[in-house]
């Protein structure tokens, strides 16, 4: 059995976990929540890039993504940033739904599972 | 390491992704959202059947499902269709919660992970 | 390919499924929903401990958790119980969002994926 490798523990969670050829990322939120939904989404995907690199993966290897939005009506704007970011030849499965998040200023949170 | 096989890319996502013995499906929504919750759920599970077959899997191999409903009070009706559909000898784990979805007429969305 | 092992089937779902070195748990809810959020969270993590043990895993091997709360403002209280429970050297990735759940008295539901 492969080992579990945990990255960037922070109080209550890790930001990335590797196991068995898979990389799990935590629900990633923007650092600067004063930005609009496009700005926040850009921050989130930049952070996903950073964490995937750290775990030996890449956006082209994302298998599945779950996106939570504070207001689902912002989906088109989030999708503009998503579409510019994802590898168009290597699209993951995805669900996108509305839920309130821990910080009321947070407009988008993305959780991904990737291959190594 | 096994390859990633991606099925039915559509603009921003794929509808199914295979990797390492696992099959990931996108959050599957009904095509005809004018139907009631039972009709919509039937459409969703039919589509899941179709996608699993395409990826070399089957409903009897579903490991985990996440179900989002526009109104959690519709859960009993959704469960009628779910119960008639799932393999009673091969039940997956499952969570079912309420969230608004991209299309306000969408009453149910289901995301599954299956074994090959 | 490894076998799928399913634990505690109950009408519409199983409470745990093992496959390929992974353990999937259903969205676990408290049994006594008259308790406050801390009491409910304690029940949920106790139940997760029980199910992981049954599937040959352990909280130190949790890879990923998704937490749904009826009221995200209860997050700090839930986190007190979470923090006391998780292995601080083996923290999983995690997302925590607000969604209504099947029973209106249910304040917290947790779904985890673990390694064997």
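Brief remarks follow.
Order as written gives the chain letters A, B and C; numbering starts at 1 within each chain.
One rule holds in what follows: contacts are C-beta pairs under 8 Å (C-beta built on N, C-alpha and C of every residue); 3 or more make two chains touch, one makes a residue touch a chain.
Note that the coordinates shown come from a computational prediction; the quantities given were computed from them, not determined experimentally.
Taken as a graph of touching chains, this assembly is complete, with every chain in contact with every other. Chain copies chain A and chain B are related through a rotation whose angle, from the C-alpha fit, is 120° to the nearest 5. If you average the Cα atoms of chain B and of chain C, the two centres end up 21 Å apart.
Shared interface positions of chain B, i.e. residues touching 2 or more other chains, are given as 20, 22, 66, 68, 99, 113.
Listed in rising order, the residues of chain B touching chain C in the complex are 20-22, 61, 63-66, 68, 72, 75, 79, 82-83, 86, 88-99, 113, 115-116.
Residues 1-2, 4, 6, 9-17, 19-20, 22, 24-27, 66, 68, 99-102, 109, 111, 113 of chain B are the ones that touch chain A when the two sit in their complex.
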